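Presented below are the structures under discussion, each in the form of structure tokens.
Next come two complexes, and both contain chain A; in the first it sits with chain B, in the second with chain C.
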Partner chain A sequence: MPGLLQLAMLVVGRDLKLALRHWDQAIQPLIFFVVVTTLFPLAISPELAELRRISAGVVWVAAMLASLLALESLFRTDVEDGTMEQWTLAGQPLSLMLLSKTITHWLLAGLPIVLMSPIVGTALGMPQSAWGALAGSLALGTGCLSVLGAIGTALTVAVRRGNVLLALLVLPLEMPVLIFGARAVDLSMHGEPVAGPLNLLAAMLLLFLSLGPFAMASAMRISVEN
Partner chain B sequence: MLDVSDLHLWRGDRHLLKGVSFSLRAGELLQIVGPNGVGKTSLLRCIAGLLPVESGDIRWCNKLLASSRDAFHQQLAYLAHVNALKTDLTALENLHYAVSLRRKITTQETREMLTRLQVAECSDLPVRAMSAGQKRRVAIARILLTQAKLWVLDEPITNLDVAGIQLFERCMAEHLDGGGLVVTAAHQLLLQGRDNVRTLELH
Partner chain C sequence: MWLWFHKLSSPPYAYRIAGMLRPWLLWPALLLMAVAAYGGLVLSPPDYQQKDAFRIIYVHVPSASLSLMVYVAMAIAAAVGVIWRIKLAHAFAAACAPMGAWFTVLTLATGSIYGKPMWGTWWEWDPRLTSELIQLFLYLGYMALRSSFDETQRADRASAILAIVGVVNVPIVKYSVVWWNSLHQGPSISKLDSPSIDSSMLWPLLLMMLAFVLYFAAVMCDRIRTEILKRERNASWLIENVTES
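== the complex of A and B ==
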């Protein structure tokens, strides 16, 4: 019997290996994020002063949609090829295994966006002083989005063409994350303290991380019944 | 060891299982037979704990399944219609990730098992490139490597050739001799003429 940490490493390792074999799919969220944020200057105005006003919102909405884009395939292939069924029968905590998959989702669809965000922010006229708040809020926020999204995906994975349902289910729940995330960036661009919204994001992340895995596991057990 | 009593199951409006009862001791094989759609797969999924039991009970070592789920699952190997193989991973990788969830396993051990099932040449091939029969053999290798006491197998010999069926029968006989239990649904009866082999017909 592997220990809990070994089990988590096993799942993360397997998913990263699978992502590497399909790297063209794995980098989709990052490409989406970069492309969408670059479209705004083209559509609105190349004037930096004008872009600066909306930059926080643009970056955050793009990050949110990029995270949603990668959710679709999070559990689907495992459920379809029977792997998920085997996992529920492995006599191991399913919640931990699904949390490990969620962490991999964040490593692939969250972390690259966090790392890329200062560059994208600069392109939208964000001052360098806001980089910290931008990357920090995105790091905490995309974590929240991954966990919330994974719960939604576990619920809808058995539904045929469940993408629309997933978006309807998950996006409203993600609103607070978006509001506090974009607010933190906005505050920092105006030179005001950002501890408030960042602390709230961190609290949300801790709450989701502690309760989310159990919700995922219960939802997944229902999903594999069919 | 495995006792099923008065199991009923409804799927939508259909009353699928109407009071199924049997008990299975160590070293026994139970084959579930019946026409398509009669509920063989559903019965196996109930036993494996994938479907919740609506009425009746299933006991493993005199304990209700619902109350000792993880302990039961650690002694269970389940083979479904689908092989539960990742098509982008090789046979070795697939087996490594599947079996490591339950116990430590070396590459050497995995290779030996693949050799025994006569798919050694596929060890380092991505599963995508294998034939249906070869995939089934790799899936059977997973069942064997799991070293579980109870095997629940849904149509295990699908896609296997004659030699493959014989090979699989030998593996099953060995498992039974070692005190294992097997519940299977198959259209073709396996290990006929052997002691401790029973059939259960569903209507």
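== the complex of A and C ==
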């Protein structure tokens, strides 16, 4: 019987290894993130002054959509080839294993976006002083998005054409994250303290991390039973 | 108490009780609605600032509070259904969702009708309007998830989890939207907050709220009976019941 931490590491390691073998698929969310942020200057205006006003929101919405896009593949292959069914029978805590998968999702779809965000932000006219708030809010916020998204994915994984449904379920739940995240970036661009929204994001992340895995596990049990 | 609870969770009993309760809820609801409408539209004086336009609150406020109340009731029913595996609780939650969505739509519609003369615009990104809109999305997501499963039991349990997750999130959504808005724009919020309300305007409002709750309960009786009929269509008690009458 492996210990709990060891179990989590095993799951994370396995998923990372699988992802790296298809690294061209794993970077798709990141490319999507960059492409979506490119749409806004094309649609609105090439003037940096104008883009600067909406840059916080643009980066945040793009990150949210990229995270959503990456959710599709989070559980699907494991459910289809029966791995997930084995996991539900394995006698190991399913909530922990699903949480580990969610952490991998964040490492693959959240962390690259966090690292890329200063570049994208600069391209949209964001001052360098806002980089910290941007990366910080995205790091906390994409964590929240991953957990909420994983709950939604566990619910919809057995449903045909579940990805539109997934967006419909998850996006309303994610709106507070967007509000606080974009707000933090906006505040720091105006040189104001950002501790408030960041603290709220961190609180939400803790709440979701502590309660989310149980919702994921019970949703997954419903999805795989037949 | 527990015995009654267990009895109520049996479909035939609940079917009968709901049928018996319905007239006792519906007629008082309609009566109270008529009285409250008379009180609100005729007896209470026009507001000194908003003139007669404020009278829409007699529909707006009760439906707004019900749109939230129904969601909480739905989530509680869903939790009961998951924890004690009571099918009827799931049926209750399923019957709740469209009602709640309609109350939310009604709130949004009356809110924007009120907004046009008051704020000069149909839609304002007011925190209450916005959070009500998000509430509507939550209802729509719940109903979409429910309809995407073929088996009733799986649909019940999956949507129950969504309802529970949603109800944890509702306060966060509320406060985040209020906070978001208070930083972006000030004035429009205070327009809805009348400092105090005269008793001649208040009693019809409270009466109307009670009438809405009773009306909701009455319609729920019908909806839950329909839901039981759908779920128990092959049950022997139902077939006996139908052949008898």
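The criterion applied here is as follows: the second predicted complex is superposed on the first by the 226 of 226 C-alpha atoms of A that agree within 3 Å, B and C clash if a C-alpha of one lies under 4 Å from a C-alpha of the other, contacts with A are read in each partner's own complex, and residues count from 1 in each chain.
Here is the rule we use: contacts are C-beta pairs under 8 Å (C-beta built on N, C-alpha and C of every residue); 3 or more make two chains touch, one makes a residue touch a chain.
Bear in mind that the values here come from a model prediction, so they are computed numbers and not experimental data.
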| query | What is the contact status of A:224 with respect to chain B (first) and chain C (second): first, second, both, or neither? | reply | first
| said: For A:5 in the superposed arrangement: first (chain B), second (chain C), both or neither? | reply: neither
| said: Looking at A:22, would you say it contacts chain B, chain C, both, or neither? Reply first, second, both or neither. | reply: first
| request: Identify the partner contact of A:89: answer first if only chain B is touched, second if only chain C is, both if each is, neither if none is. | output: first
| So, A:42: does it touch chain B (first), chain C (second), both, or neither? | neither
| chain B versus chain C as contact partner of A:211, first or second or both or neither | second
| message | Quick check on the superposed pair: does A:81 touch chain B, chain C, both, or neither? Answer first, second, both or neither. | response | first
| said: Applying the document's definition of touch, where does A:14 land relative to chain B and chain C: first, second, both, or neither? | reply: first
| Set intersection of chain A contacts, chain C complex versus chain B complex | 225
| request: Would you mind writing out the residues of chain B in touch with chain A in their complex? | output: 48-52, 69-74, 76, 78, 80-89, 93, 97-98, 100-104
| said: So in the complex, the part of chain A that touches chain C is made up of which residues? | reply: 151, 155-156, 158-160, 162, 165, 168-169, 171-173, 175-176, 179-180, 183, 200, 204, 211, 215, 218-219, 222-223, 225
| note | In their shared complex, chain B is touched by residues of chain A numbered 1-2, 7, 10, 14, 17-18, 21-22, 77, 80-83, 85-92, 224-225
| request: Note which residues of chain C are touching chain A in the complex, please. | output: 82, 134, 137-138, 140-141, 144-145, 148-149, 154, 157-158, 161-162, 164-166, 168-169, 172-173, 176-177, 179-180, 183
